[in-house]
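Submitted below is the structure of interest, expressed as C-alpha cells.
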Amino acid sequence: MLINCVAYQEGRKLADIDKREISNYLQRPDCFVWVALKDPTEEELEEMREEFGLHELAVEDARHGHQRPKIEEYGDSLFVVLNTIELGGEDLRFGEVDVFVGRNYVLSIRQRSEQTLLGVRARAEREPELLRNGSGYVLYALMDAIVDRYFPVLDAVELELENIEERLFAGTSPRGNIEALYYVKQKLTNLKHVTGPMLEYTGKLYGGRVPQVCAGLGEYFRDVHDHIIRLNQSIDSARDTVTTAIQVNLAMITIGESEVTKRLAAYAALVAVPTMIAGIYGMNFEHMPELKWEYGYPFTIGLMAAIDAWLWVKFRKSGWL
Amino acid sequence: MLINCVAYQEGRKLADIDKREISNYLQRPDCFVWVALKDPTEEELEEMREEFGLHELAVEDARHGHQRPKIEEYGDSLFVVLNTIELGGEDLRFGEVDVFVGRNYVLSIRQRSEQTLLGVRARAEREPELLRNGSGYVLYALMDAIVDRYFPVLDAVELELENIEERLFAGTSPRGNIEALYYVKQKLTNLKHVTGPMLEYTGKLYGGRVPQVCAGLGEYFRDVHDHIIRLNQSIDSARDTVTTAIQVNLAMITIGESEVTKRLAAYAALVAVPTMIAGIYGMNFEHMPELKWEYGYPFTIGLMAAIDAWLWVKFRKSGWL
Amino acid sequence: MLINCVAYQEGRKLADIDKREISNYLQRPDCFVWVALKDPTEEELEEMREEFGLHELAVEDARHGHQRPKIEEYGDSLFVVLNTIELGGEDLRFGEVDVFVGRNYVLSIRQRSEQTLLGVRARAEREPELLRNGSGYVLYALMDAIVDRYFPVLDAVELELENIEERLFAGTSPRGNIEALYYVKQKLTNLKHVTGPMLEYTGKLYGGRVPQVCAGLGEYFRDVHDHIIRLNQSIDSARDTVTTAIQVNLAMITIGESEVTKRLAAYAALVAVPTMIAGIYGMNFEHMPELKWEYGYPFTIGLMAAIDAWLWVKFRKSGWL
Amino acid sequence: MLINCVAYQEGRKLADIDKREISNYLQRPDCFVWVALKDPTEEELEEMREEFGLHELAVEDARHGHQRPKIEEYGDSLFVVLNTIELGGEDLRFGEVDVFVGRNYVLSIRQRSEQTLLGVRARAEREPELLRNGSGYVLYALMDAIVDRYFPVLDAVELELENIEERLFAGTSPRGNIEALYYVKQKLTNLKHVTGPMLEYTGKLYGGRVPQVCAGLGEYFRDVHDHIIRLNQSIDSARDTVTTAIQVNLAMITIGESEVTKRLAAYAALVAVPTMIAGIYGMNFEHMPELKWEYGYPFTIGLMAAIDAWLWVKFRKSGWL
Amino acid sequence: MLINCVAYQEGRKLADIDKREISNYLQRPDCFVWVALKDPTEEELEEMREEFGLHELAVEDARHGHQRPKIEEYGDSLFVVLNTIELGGEDLRFGEVDVFVGRNYVLSIRQRSEQTLLGVRARAEREPELLRNGSGYVLYALMDAIVDRYFPVLDAVELELENIEERLFAGTSPRGNIEALYYVKQKLTNLKHVTGPMLEYTGKLYGGRVPQVCAGLGEYFRDVHDHIIRLNQSIDSARDTVTTAIQVNLAMITIGESEVTKRLAAYAALVAVPTMIAGIYGMNFEHMPELKWEYGYPFTIGLMAAIDAWLWVKFRKSGWL
C-alpha cells in the first residue's frame, strides 16, 4: 500500500506526486523523491524496483521480509533493514522497515508494524535546513526515530526484571520467578538480535570511508550509533543480571529447602519424644512402680509437655522454628 | 560416479560432452565446463586431477572426505568444501560437497549425501544472463542452494527445543528433559561446526581482494555470507537457550524435590500425631481416669480425626499438600 | 547556575569576567575562557551554545543528561561526558560532568552531583607552567580529578565484598550473603558502565592521531588512561570474585543442609531405638519371662540409656553430632 | 644420541656423512644437511650450535626442553618446537621435537619421546620432486607427521568421553562419572596446550610475509594449519561437551536423590500406617467394643494389609515405587 | 636507600661512583650509569629525577608505588614497572621494581620486596660481550631475573591445587576443599594481575617499532615475552581447573548427601519394621491366638531379627549401607 510519495528540493517539499511522475523528478538536480510503502504487494515492489533501478537481491530480501538488521551497499545506493519493536501484551512484536536510499530517492517500506512513520516526515519537513542534506538525512531521521522507540521497550523489560528482583529474596515463588526470568531472558535475546547487528553496521556510517549518501552527516549517524551502543550495553547488563538472578533463585530454593528440612525436624522431635515416653510406660513389666503411683499419669503428661516446651524454646532460639 | 558433464558458453548450455572431450572445450575462450561427480572412485578423481590440473593436496582432501568447510585458493583456482546436512530420524546426517573452481571449469563432487544438486544446474540454466558470469556464478549457485537447505534443518532443531521448553515448566519429566536438551545441544554444536568456519571464509569472497573467479559477483557472495550470519546467530542463540534451559531444569528439579519434601512432611504429621495420642492411651498407669470413661475411645478417635482435619486444612492453605 | 567564568592567558588567570565579555576574550590570541555551570537551565545552555558555537547534537546530549561516558569530536572541538560517582549510604549515586573543549574555551557543566570541581581550578591555577598548555590541560585536570574520585568508591565496594567473604565460610547467613553478593554485583556492574566506555575513549587521546586540543599532552592523558585500566582491572577482578563467591555460597548451603540432615538422623536414631525397645516390651504375649523379672524395668531403661550413649559416642566420632 | 646425518642435493640423498664433514657440505650450493638427534647430551648440542651457528637462546631452550610449541625466527633461520603426544595407559605422555631450520640445514632433536621420525625421512626420500624444495620441505614433512599423530590421540579421548556419555543418563555411577569427566577435561586441556599455540604460529607460515625457508611451500603449510584448526575445533567442542556433561551429571544426581526421597517416603508410609492402627488398638480404654469381637484381630491385620496394598498401587502409579 | 651506583663502558665496569659524579659519566660517549635504590626517600627520588631528567608523572608513580606492571615511553626513555612475587607462608607477597631506562642510564628502584637484585648485576658483569649492548641489556637482565622468579611461585600454587585435587574425589572434607579452592583462585587472580598486563607490554619490545633503548635486543625481549606467555597459559589453565574443581566439589557434596540419605533410610527401615511388629502384638484384642502360644515371644523376636537381617543384606547389595 502506497502511503505517500513526495518530491523535495533544497530541503523543502515540492509536491505530493503520482507514482508515474517519479522519473521526471529524479532527473532534476538537487531534487529527491521520498516514497513510503506499507506491506507492499509484489506488483508495487516490482514497480519501485524498475522506477529506482533497485538490485534484485535487495528487492528479494524486502519481498521475503524477516531479515536481520543490516546495511548493504549496492553501488552508490544503500539497502537498509531496520527492525521495529512493539510491546504487545506479554510478548514483544517485531516488524521491519526496509529503506532503499540513493542519491535522489528514498524508498521506505514498513512491514508487519503498527508504528507509523508519518511523524518522521513531518519533523523532517519542519527543519528544511537539515533536510537540505538530501536523502541521507532522511535515512538518519528514519533510523533515529526507529531506534528511539527501542528505549521504552527496553525500559519495560527492565522494569519487569526489577519486579522479579524484588520477589527474588522473598523466596516465596521460586517456580514463578524462574519462569519469569526465563522469558525475560528470551526477550532480551530477541532485543539483542535487533541491536547487536546494528552496532556493527551503524559504526560504518561515520568516520573513515562512508557510503556516499551519508557523506557530511557523520555527526548525525554517530548519534544513532551512540544510542545503539547504549542499548546494547543496557541489554548486555540486563542479560547478565538475569543470569545472576537465576543463580540466586536456585540458591534461594536450596536455602528454602534447607529451612523446611529444619522446621520438619523440629516438629518431628516434638512428636517423637512424647511417643517414646508413652512407649516406655506402655511396657508390660510387672514391676514398674510409677504405674501404680496415683499421679503417675498426669506427671508423665506434664513431663511430655515440659520437654516439648523446652525443645520449642531451643528450636526457636536456633531459628529452626 | 559421473552425474553429468556439460560445456557452457555465454551463459548457455553448449552440449553434454564426454569426459574425454573436456580438454577441447577448456581451450575455447568464454567457455567453461561443469562436471558433477557423486562418491567418485580413486580413478575418477585421478582423471579429473589430470584433466583440470588440480593440486595434489586438494585432491587428497577430496579423496579422504570428512573435511571441515573451507575455501582454499590454489593459484587462480579455488577448492571449496561445503557440508550438507540432512534430517535423518533422530539424528542429523552430514555429507560433503567438494567444489573445484577454475576460470573455465567447475568440478562438484557430492559425497555421502542424498541431496541431489540437479536443481541447481536446472535453475542456473534457466537464467543465462546470470550464468554468463561464468564458473564463479556456478560456485555461488551451489553455495546458495546448499546453505538454503540448512534453514529447515535448523528450524527442526529449534522446534525440538521449543517442545522441550513447553515441558520444562511443567516439571513432569526432568530426566527426559535433561537428556533431550543434551542431545539438542550436541546437534547445535554439530551445526555450528558447519556454519562457524563458513562465516570466516564466505566473508573473504566479497569486498577487498577476492579470488579472481568470484570477481564481479560480490553482491551474490555477500548474500550467501548474510545467510550464514543469520544461521550462526540463530544457532548461538539456540545454544544459549539450551544452556539456560539446563539451568532452569536443574532449578525445577530442586523445586520439585522441595515440594515433595513438604508433601511428605505433611503426610508424616497426619500419621505421627494420632500415633502419639494412641501411645499415650496405651500407657499402663493404674490411675488414668479417661480409660474408664465410657466414651473415651470414640472421643479419642474423634480427637485424632479432628487434629488431622485441622492439620490438613493448614497444610492445604500453606500449599504443602 | 553559573559557578564561575574566568579568562586565562599564558597559564595565568587574567580576570573573573562577565558572561557578556566572553566573546571579547575569545578573540585574543593565547587566551582561553573557562566557564563552569551547575545544573544549568535551558536558557543558560542556549546562551553558551551561541557564545561558543557548540554543535546542536552535543548540546542536546548535555540538556538531556544521563549519557554514557564518551568523548566526541565536533570539528576541532571536543564534547566529553564524564560520570561522577558518590557513595550515598547503601547505594552509589551517579552524576555527570559534561565538558565542551575548544581551542580557546572550556565549558564544564556539572549535573546531579554534589562533588565540587573548584579544587581542580585552584590546583590548575597554582601550576601556571602546566596551565600554559591551554584548554587541553584543563580537560586533563578535570578528567584526572574525576577519575581519582572513583578509587575510594571502588575501595568501599571491595571492602564490602571482603566483609561478605569473611562471613562466607562461616556458613551462618547464606540468605544474607547471597543478597549482599547480588547487590555488590549490581554496584560493580554500574561502576563498569562508567569505566568500561572510558577505557575505549581515553585510549584515543594519546599516541597516533589525537584531537588537536590534546596535542602535546600525550603523557598526561596516558596517565588518565592508565588509571582507567587499573580501575577496570580491579572491577573485573571483583566481579569474578563475586561470581565465585556466589558459587561458593551455594556450595556452603548444600554442605550446611547435608550437615543438618546428618544431625537430624542422629537425633532421630536416639529416639527411635528406645521407642522400638519399649514397643517390644509393650507386646501382650503371655510368656515373656523378662516382664516378670523384678529388675526388668530398670534394666530395660538402662539398656535404652546404654544404647543411646553408645550411639551418641559413635555419632560424635563420625562428626554427625 | 646422533640418529643420522645425511646430505641432500636436488632432492636426492647424496650420502650418510660424518658429523665432521657437515661444514664441507654446507658450502655446496643446492645442498642441505639433515641431522637427527635423540635426547642429545650437552656436548652434542654445543657441537651442533657451532656447526650451524645456532643462536644461544634457542639452544638453551632445546637444552632445557619442556617448552611450549613455538616457531621463532632467528635471522634467516627458524627454531621450531613441536610437542609429541603418546597414549600411555591412562595418561597422555608428552614429548618434544625441536627443529632448527636454515637455508641449507635441518637439525631435528627428539626429546622424551618414543615416536621415531625415521618414517618421515624415508617418505621424503621417496619423493625427490618435493624434497627438491629444500630444508623448508623437511620442516613441513616433520610437522605434518607429528600433527597427524595427534588425531588418534584425540580420537581416543573422544571415545572415552562417548563412553562416559552413555553411562551418564543411566545415572548409576555419578561418582565415577564426575571423576572420569574431570580427568577427560584435564587431558583435553593438555591437548589444547599443544594445539592452541600452534594455531597462532602455523598461520604465519603461509600467506603474507613468510620466513624465507618456507617460501614457495605455502600450500603445504596451509595444509598443516588446516589440520591444526580441525584439532582445535574438535578439542574445543569436546571441552564444551565435558562442561555440559558435568552439569548434566549434577542434574542426574539431584534427580536421583529426588527419586530416592520419594521411594523412601513410600516405604515409610507402608510401615507408618499399620503402626498407627496398631497403636490405636493398643490403647487401654475399657470400652473398646472391637477388642472383644472375635474376628477383630484378623480383621485389623486384613485392614492393614488392604491399606498397604492400596498405597502400594497408588505409589506405583505415580512412579514413586 | 642507595644500594649501588656504577659506571660501565664497553660492557665493563668502570668504577663504583658517587651520586654526585653521575653527570660527569653521563656525558662520556659509550658510557652508562646503573643506579640501584631500595625503598627510596622522597629526597633520593627527587635527586635522581634531577640527575637523569626523569618525567614528573613517572616519578610520581614510583613515589606512590602499588602500580600495575607497565612499560611507558617518555620521549627516548622508558619507565618500566615490574611486580615481584614472593611466597610468604599462606599468602603471596607482592613487591615492585621500577626501572627508568635512558640511552646512558638505568635507575632501578626496588620497593617492598625482599628479593635482592645483586645477582643480576653480577651476572651482567660476567658477560661483557652482552653488557656491551648498553642500558637496554640491563633492562632485559632485570626483567628476565624477575620473571624467572615467578615460576617457582606458580609451581607452589599449582602444587597446592594438585593437593586439593587429590582430596576432591575422596569427598571427605568438602567444606575445607571449597575454602582452599577459593583461596587458590584468589592467588591465581593476583598472579594474573601481574602477568596479564606484562603480556601486552613485552610484546611491544621486539618486532616492528621498538623503543630505541631496546633496539638490537629483539631476540632477548622475545625470550622474556615467551616466558610471560607460558606463565599466562599456565595461570589460565589453573584457573580453569579451579572452576571445574569447584563444580566437581559441589557435585561430590550432592552425591555425598544422597548417599547419607540412603544410609539413613536403610537404618530407619531396620528400626521401623520391628517397631511395627511390636505395635501389632501390643494390641489389646481378646482373641489373638499367638499371644497365648508359648513360643510366641521368642518367635516374634526371631521374626524381627530375620526381617532385619534380610533387609540388611538387601541394602548392602544395593549399596545403601
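A, B, C, D and E label the chains in the order they appear, each numbered from 1.
Throughout what follows, a residue touches a chain if its C-beta (ideal position, glycine included) is under 8 Å from a C-beta of that chain, and two chains touch if they have at least 3 such contacts.
These figures come from a predicted structure and were not determined experimentally.
The chains in contact with chain D as well as with chain E do not exist; no chain meets both.
Rounded to a multiple of 5, the Cα-based rotation taking chain B onto chain C is 145 degrees.
If you average the Cα atoms of chain C and of chain E, the two centres end up 25 Å apart.
Work out the mean CA point of chain A and of chain E, and you get 41 Å between them.
Touching of two or more other chains is recorded for residues 247, 250, 254, 257, 261, 268, 272, 275, 279, 282-284, 288 of chain C. Taken pairwise by the contact criterion, the protein chains form one closed cycle in which every chain touches exactly two others.
If you walk the ring beginning with chain B and heading to chain D next, you pass the chains as B, D, E, C, A.
Against chain E, the residues of chain D that register as touching in their complex are 55, 57, 68, 70, 72, 74, 174-175, 178-179, 182, 185-186, 189, 193, 196-197, 243, 246-247, 249-250, 253-254, 256-257, 260-261, 264, 267-268, 271-272, 274-275, 278-279, 281-284, 288, 290-297, 300-301, 304. Here chain B touches chain A in the complex through residues 168-169, 171, 219-220, 222-223, 226, 229-230, 233, 237, 240-241, 244-245, 247-248, 250-252, 254-255, 257-258, 261-262, 265, 268-269, 272-273, 275-276, 279-280, 282-288, going by the rule given at the top.
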